[in-house]
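These are the structures in question, set out in turn.
Here subunit A shows up in two complexes: once beside subunit B, once beside subunit C.
Take a look at the complex of A and B:
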């Protein structure tokens, strides 16, 4: 049993690399997601993942660094998003939707010029965690370290801004700059994770574990711990599941999507657990 | 400590505030009185330098508002904060120290001691480790006052601090505010509660988009002036002796 879950699936180097990448992204997304969810930026970060797409597409076609392309597009859209959402005259939702679809369309148009259009598009949209190289892992690890250090340094201010925005402004903090910083950190995560899970699914790795943790955690520290555990656990189970399905049943399950679905399952379990706990507390309180 | 000179604020072509003038000294406490939408919150935001002035000037501790923010404590309404947010009572109070701690550095022993002392002052030391959202509305308001106390500011701005709080909290808040004033702090309180204005404040600024009166509470909150601010909603009782403002 243990052999089938832990050892056998990870005999081949490509599965080992996939597991390392999944664990890294689980930790990375788990921690970052807590700040994103507490700051209620889920929708904006979702938009951000789509706006990064044209940058990746251009870099892919030019054979340039995906990092460079994605970061250029991501930085541009992070700035645009921050500016747009600060302007009260622009309807937030509408501005986001326009920006998101425009950037995404640019990406699709660019990719459609490639001869291997469908294969390339699929790779960019959904990722290929089984094709991760050692170089990719190193890039992910370095990006993660940079982002986690920045988050640690800004921790108390980011939490204050998320909890009491008016107070943060009253204390003289530039909340717009802090929002931009967080959006840029999300962009870095998207860039680090895009090869593994693609632009469509990448945001699930940030939002779902943190949203799960929000249901169960009573403090920011416990939220972060739960979020990381959910992220890492989903990565591992997702990989094993898609491997077993392929080996035992000749079923092809996309690894990235399977990981995301495991996260959803854990979220649903946490949701049910929370409901039960609340119900019990009300009953105890009433009795 | 706080000087407002002919202050006007405009939002999208209409006057939100006009002709506000006041001088608040150390140890004084001013009530901002007016109906909903009178511009009380806007005035507080202007003192914090968060809205641009169309005319006039504001001086906080001898400086422009933007430069004085670090020395000003703003107390929001407790109900404006998400009760589900996973922070403890002690953490909320500690937030008052963040500006003096500065970026990157973590709170030290002195900061924790100051926060603990502030929490003790509002009588909630035993709830320090509880989640902020599990407290009652009045207790949450006390925590936010403790945050302002921990900030050790010379000017406090409070937005409707007595809204929906219990009698215990009201008494405690009045005591703490009195102590802060005795220590030389100036206090500005936006409220629609005339009783509270009489109890907590030495001066009052009566406004409804423009300033109707400013001066000692007893003079400013007189029946004729209140009727001017509240219109038909101010009911004058017992001849000319008492005023009741009906809810909008």
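Take a look at the complex of A and C:
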């Protein structure tokens, strides 16, 4: 049993690489997600996952580095998003949607000029965690290290900004610079994760484990621990599940999407558990 | 004028044109309420999370419209239930539902081989393959949804601007909310053949935002947004044919262009106005044109 779940699926090198990548992204997304959820930046993260797309599409056609292309487009949009959300006169919710679809459309237009349109688009949208190379893993690891160090250095300020934005401003912190920094860190995560799970599902790796942690955690530290555990656990279960389905039942399940589905299931379980606990507490309180 | 009308010569293109005009008008009108209530992210989630409905309908051989519409109801309910929890931000809940729904669609699709072509059509739209039946469905949805918005206009506007007063007057808030969300859902599902699941939100939000910049009145904005949406559909389709690029993306880009134009030319907050005003004084003006103290 343990052999079937732990050892056997990961005999082949490509599965080992997929597992390492999934664990790295689980830790990376788990930690970053806590800040994203506390700041309520789900929509901004969603926008950033789509705005890297034209960069990837252009890099793909030019045969240049996908990471570089994705980061260039992502960084440009992170700056634009920060400026848009600072300007309170436009409804930032609508402005984000317009920016997101504009960037994405440029990507689709670029890709639609290529002959292998459908195949390329499918790969970019859905990702291929089983085709991850050692080089990809090293890039993910380095990106993660950089982002985690920056987050650790800015931790106190980011938390203050999340819970008491007015105080943060009054104490002289440049909140606009901090917002831009956090948006750039999210961009780095998107760039690191996009090859594994594709543009649309990257958002899950940031939001879902952290949302689960928000339901269960009592402090920021416990939130972070829960978020990382959920991220890593989902990566492992998702890979094993898609492997077993393919070997035992000849059923192909996209690995990246299976990981996201496991995350969603864990979130739903946490939501139900929280609801039951609350119900019991109110009943005890009333009695 | 031949180069202008030539692309619309064939039956195929005329059908696509009709679909684009109808979808544009419908999206524009509904979009005003989406923008008013800041429901862009919810609309986005709806477009992504109904994806499994497309796959299931295709597998069962039933109408795709019906499949997405049925699954959309599930999505609406999921977001409403999750957002009601204290401590869970509604945008976080929306993000979780969006990703979970889309992942379910991807997993379902990956288990079926030889499905990729249809998927791409649904992700980025394929307006050139619309059937006469699709156009009839779109026309029906346009009449029903716009009719609904007109009939409930007063209530919707009051609820959007002053929800507390709306509730105090004894109106059923939750019922109206759900009716509006379902109207948005029908719009999203209807515009998928033209725009695809990912870009449908562009045709809903961009023309409405442009119209809101030009006018304060909600009713006027709805008419204006419908017109802009329909125009975006026509121009986008023409650009797509002329330059051989994806139709949904062309329409989305034209819609973004309309928004940019509105942003530049709006009285009071537009860039042109600010530049002109900047030459005389930096102070904001009151309604009488006097600098505010």
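By our rule, the second predicted complex is superposed on the first by the 287 of 287 C-alpha atoms of A that agree within 3 Å, B and C clash if a C-alpha of one lies under 4 Å from a C-alpha of the other, contacts with A are read in each partner's own complex, and residues count from 1 in each chain.
Note that contacts are C-beta pairs under 8 Å (C-beta built on N, C-alpha and C of every residue); 3 or more make two chains touch, one makes a residue touch a chain.
Worth saying up front: this structure is predicted, and the values here are computed from it rather than measured.
For A:171, using the defined touch cut-off, is the partner it touches subunit B, subunit C, both, or neither? Pick first, second, both or neither.
The answer is first: A:171 touches subunit B but not subunit C.
Scan A:160 for contacts with subunit B and subunit C and give back first, second, both or neither.
The answer is first: A:160 touches subunit B but not subunit C.
Who does A:56 touch here: subunit B (first), subunit C (second), both, or neither?
Touch partners of A:56: none, neither subunit B nor subunit C.
Is A:220 touching the first partner subunit B, the second partner subunit C, both, or neither of them?
first
Specify the partner with more touching residues on subunit A, choosing between subunit B and subunit C.
It is C that touches the greater number of subunit A residues.
Of the partners subunit B and subunit C, which touch A:147 in the superposed model: first, second, both, neither?
neither
Check whether A:66 is in contact with subunit B, with subunit C, with both or with neither, and answer first, second, both or neither.
neither
Can you pull the subunit A residues that subunit B and subunit C both touch?
Shared contact residues on subunit A (touching subunit B in one complex, subunit C in the other): 214.
Could you please specify the touching residues of subunit B with respect to subunit A in the complex?
48, 50, 66, 69-70, 72, 74, 76, 80-82, 84-88, 92, 95, 98-99, 101, 103-104, 106-107, 131, 157
In their complex, what parts of subunit A are in touch with subunit C?
37, 40-43, 45-46, 50, 89-91, 93-98, 100-102, 104-106, 108-109, 112-113, 117-119, 121-122, 125-126, 200-201, 203-204, 207-208, 210-211, 214-215, 251-254, 256-258, 260-261, 263-264, 267, 271, 274-275
Flag every residue of subunit A that touches subunit B in the complex, lowest number first.
38, 153-154, 156-157, 159-160, 162-164, 166-167, 169-172, 214, 217-220, 222-223
Which of the residues in subunit C end up touching subunit A in this complex?
On the subunit C side, the touching residues are 34-35, 38-41, 43-44, 48, 82, 85, 87-89, 91-96, 98-100, 102-104, 106-107, 109-111, 113, 116-117, 119-120, 123-124, 198-199, 201-202, 205-206, 208-209, 212, 244-246, 248-250, 252-253, 255-256, 259, 263, 269.
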